[in-house]
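First chain A sits with chain B, and in the next complex the same chain sits with chain C.
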Partner chain A sequence: MKSRKIEEFVFKVLMIASVTLVLCILAGILIVIVMRGASSLNLAMLIRTPEGGYYLGKGGGIANAIVGSLCLAFGASMLSFLFGLPIAFGLQKEYLGRRLARMTRLSLDILWGIPSIVYGAFGFIIMVYLGLRASLLGGIITLALLMLPIMIRSIEEVIRMTPSELKEISYALGATRIETTFTVVLRQALPGMVTGVLLAFGRGIGDAASILFTAGYTDYLPRSLFEPVASLPLAIFFQVSTPIPEVQQRAYASALILLMIVVLISFVSRLLSRRCSRHIVR
Partner chain B sequence: MYWRKIKDKIAAKSMLIAVAFANSIVFLIALGLFIKSWPILTKKSIFHLLLSSSWHPMKGEFGFYPFIIGTLEVTAIAMILAVPVCLLSAIYLSEYAHSRFRDLTHLVIDIMAAIPSVIYGLWGVIVLVPFVRALGQAIDIQTTGYSLRTGGIILAIMVTPIIISVSMEVLRTVPIEARETALALGTTKWEAIKHVVLRSALHGIFSAIVLGFARAFGETIAVLMIVGNVPKVPTSIFDPAYPLPALLANNYGEMMSIPLYNSALLLSALILLLVVSAFNITAHFTLMRIEKR
Partner chain C sequence: MPHISLSNLTIAYGNHHVLQNITVEIPNNQITAIIGPSGCGKTTLLKSLNRLVDLYEEIKVAGEVRIDGVNIYDPKADILALRKKVGFLSQKPYPLPMSIYDNITFGPRIHGIDGKNLLDQIQKLEKHIPIDSLCPNGRQKETTPRKNHEMAYLVEYYLRLAGLWEEVKERLHAPATQLSIGQQQRLALARALAVEPEVILADEPTSALDPISAQLIEKQFKILKNHYTIVVVTHILRQARRIADYVMFLYLGELVEHGPAHDFFNAPRDQKTRAYVSGEIS
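Showing the complex of A and B:
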């Protein structure tokens, strides 16, 4: 009798220790990045582009990377939303046979798991094939591919929650499938669409491996779709690998900026999805 | 009236095309990588490529063995570190924790999942590398800190959110009645979990681990920053290693002039794709079965 209680106690202690460890690690990461970043963050970092000798510790900022990252992630989320929405709608059972739907879900799960470096390599092959060089457009296409499964999954999850009665009412009134989709399902899926876009945006803005070859890097603000573009993750990556302490300091500041963007997006998506789901029928 | 029907038909067809496009991406990626890596596959036997450990692109020798071993070892270390902690946390959160605390940890896990890998890498450089160097000194091993162990720790942290959230979802599918039945028979709460909940959630937890493994296997930037990148078979966990994704990230896009180099690098991407997809397919089917119950 006693030993059973002791076993339970031991495991409970272990479990609490594990949870505490996970919480401490996250806190540790946030504290270190914030402390290191805050001490070297200043306004010039945010609004100026690199000037001569920037990578040797001279003046300038990373506005090129901030704007570049925002352009990349925004363009890619729009593109993958454009492709993702019809796919997510198409997965409803009115449009698709069960077998095809099942296969598509499998494909999406595989896509979701593909490492971003593989997307990067594939994107580069496509770009070579099309004759593009590392550019904003190349980065957007590659990131959009990477985002597609995330986008579709979050939209589709909400669509699947739509009560079938609601659709049946619409059909009983004589609406066609597409009318039902656009008038009933679209409204129900709104929170899913919002979270999908924001999740994908957050994933895209932080991803470095896929845009390493496809977007390139530059010291200037993005001007056209066909020119290379700088990005925050790569700015961090390049700056931290230099031996000069001032430049490394800037890597910490850039990391803090990226972290703030990502955490902000995560909060906004929670908030918005709650607000948007107020008018949803369950 | 007629127009509405036509519109419906057109919309349905275009959605079908969109879905077909989604299905074809996987095949397109695999096909593209395969075509590009074909030149090296015709020149050398696949076994020689996978098992030779001499990597001298200038001389035309492409042995992937050190990279494959490096990837496997760093992933294995990550899983050994992560799995016990994650499973214990998931059990605690789904079975014992107060619902308010559970919501809080949901937020924590979401943030952990959202942090970009380059930030994990930076944290590894700032905190883990000196830590492992000090650890090495304490037990009399020369190490720079950029080692297999450092990479393993960072990967363990990075797979934590996915393993915890999938396991918690799986544990939630076990019906309450199963727990209550066990408790009514006079078991303690832990015994009910051990004999009833964990047993019926075993497959799902397995696939949570598989998903974590796949994630760790393909992780690039964070590992690249802290694992040392020396193309040799590591002999101890304090040695540097050179995992496949890091190889690809460091070298792809340059030095296209060396014959077969490009092809060899894309072969490594193909290997990554195939291994990770195999794991993901396994997890997919296991989780599907659970969902159906």
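Showing the complex of A and C:
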């Protein structure tokens, strides 16, 4: 009897310890970034582009990277959602057979595990082959490839959680598979899908390696799909690798901005997904 | 000529035979109860009548189910038309993830019934069950059949037919999930009726409900049987006694006995039926 209670206690302690660890890591990152970056964070950083000598500690900001990153991440999210949604629906047993679906899932899981620099190299080869140079479009396509497995797998999970009885009701009323998918399953899975898109967005906006060759870097705001574009992760990388302390501080300020964007997006998506879940059947 | 007649219907999941050689004619405009212990194929038999069994994998169906003279398992049979003709009520009510109003209009919309067709459908039904007879004493129907507002009239009519209108008329556009489970089952009934079926299948429709809600459903069934053929699966013997006009007794996948309710309960011919009715086996 006693040993069972000890077991219970040990596992409780383990759980609390792991939760604390996770919270400490998050707090640690936040503290370091805020302490180092908050002092150089100012309005100019948000709204101005780098001026001559910015990387030597002179005036300017990283508006180019902020806008660039947002363009890249939103564009890639939209593109991969556009392709991901039909695939996620297709993985249901009503459409693809069990075996084909399992193979697709396996490939997606492998793709998920591929390091982003490999996506970057792959994207670069394709672009060279097509005669494109580093550009916003190239970055968006490469990022979309990187996001696709996350997007599909997380959306597919929520679609699979739709109770089969709910689909049965739709079929019993004489609805076809497509009608059931679009009117019943889509509505039911909508809040979960928002979370899936957010996950992919989060990975996309924070990734540096895949856009290093494909999107390039520039000190100007993005003007066209076919010109290079700046991004926050690369801005952080370039600034933190200079020997000048002021510029290094700016790297932390940039990281803080990136973090705030991610927090803001998760907050908005939470709100959105709560709005969509009004009709959800539990 | 009865709507539904089964001959030598045999259903197997893989190698497991769920139903064996069922041959029976289901009488029109009566409530037929399928009774029997759990796991004896009652639900499978019910779901074979609108081909919902098709959704299960590895299912094999042999024999014939004729509805209005057409074998519904004929490869050329129109499955969507079949499901329009044969409505279904599940054990646990599942509202579709949309508003109360949209739950009712879901069926008519997917079948493309609108405008004049809608009015014709209701007027035909009103000859049998006038809407005023569904209103409580001294109350009048509240929606009038105006042009372009046919849907609203249809919603009121079917909600009244299911005995739910008075409880939801103030909040037709609220999510259907806000309803109590008893109300959800009556909503499911209204939703099934709205595609104007000729047969209603109900799979233990009261088993998830409280006694008062269950009574309401039974009362609605007694009103509806004048115009619809109703088949109810139940494992509550007393419910079968209360509502059934015709009874089928299934035991381990075989149709042991069937006949008019009065004869069935008072003078069962088969040994097993006698044991079941008297409560010796369950």
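Methods note: the second predicted complex is superposed on the first by the 247 of 282 C-alpha atoms of A that agree within 3 Å, B and C clash if a C-alpha of one lies under 4 Å from a C-alpha of the other, contacts with A are read in each partner's own complex, and residues count from 1 in each chain.
Rule of thumb we're sticking to: a residue touches a chain if its C-beta (ideal position, glycine included) is under 8 Å from a C-beta of that chain, and two chains touch if they have at least 3 such contacts.
Just so we're clear, the structure is a prediction, and the values are computed from it rather than from any experiment.
Colleague: If we overlay the two complexes on their shared chain A, which of chain B and chain C does A:Arg36 touch? Say first, second, both or neither.
Modeller: After superposition on chain A, A:Arg36 lies in contact with chain B alone.
Colleague: More chain A residues touched by chain B or by chain C?
Modeller: B
Colleague: Report for A:Pro86: first if it touches chain B alone, second if chain C alone, otherwise both or neither.
Modeller: First partner only.
Colleague: Considering only the touch criterion stated at the top, classify A:Thr176 as touching first (chain B), second (chain C), both, or neither.
Modeller: both
Colleague: Please indicate which partner A:Glu168 is in contact with in the superposed arrangement: first for chain B, second for chain C, both, or neither.
Modeller: The answer is second: A:Glu168 touches chain C but not chain B.
Colleague: Once the shared chain is lined up, is A:Ala121 touching chain B (first), chain C (second), both, or neither of them?
Modeller: Touch partner of A:Ala121: chain B, not chain C.
Colleague: Have a look at where A:Ile110 lands relative to chain B and chain C in the superposition and call it first, second, both or neither.
Modeller: After superposition on chain A, A:Ile110 lies in contact with chain B alone.
Colleague: Which residues form the common part of the chain A surface touched by chain B and by chain C?
Modeller: In chain A, residues 176, 179 are touched by chain B and also by chain C.
Colleague: So in the complex, the part of chain A that touches chain C is made up of which residues?
Modeller: Counting only chain A, the residues touching chain C are 93, 163-176, 179, 183-184, 187-188, 278-282.
Colleague: In their complex, what parts of chain C are in touch with chain A?
Modeller: Contact set of chain C toward chain A: 50, 52, 55, 57, 80-81, 83-84, 87-88, 90, 92, 94-99, 106-107, 110-111, 175-177, 188, 191-192, 195.
Colleague: Sort out for me which residues of chain A touch chain B in the complex.
Modeller: Touch list, chain A to chain B: 4-5, 7-8, 11-12, 14-19, 21-23, 25-26, 28-29, 32-33, 36, 83, 86-87, 89-91, 95-96, 100, 103-122, 124-126, 145, 148, 152, 176-179, 181, 202-203, 205-209, 212-213, 233, 236-237, 240-241, 251-252, 255, 258-259, 262-263, 265-266, 270.
Colleague: Give every residue of chain B touching chain A within the complex, in rising order.
Modeller: Per the touch definition, chain B meets chain A at residues 4-5, 7-8, 11-12, 14-16, 18-19, 21-23, 25-26, 28-29, 32-33, 36, 84-86, 88-89, 91-93, 96-97, 105, 107-108, 110-112, 114-123, 125-127, 157, 160, 164, 188-191, 211, 214-215, 217-221, 225, 245, 248-249, 252-253, 265-266, 269, 272-273, 276-277, 279-281, 283-284.
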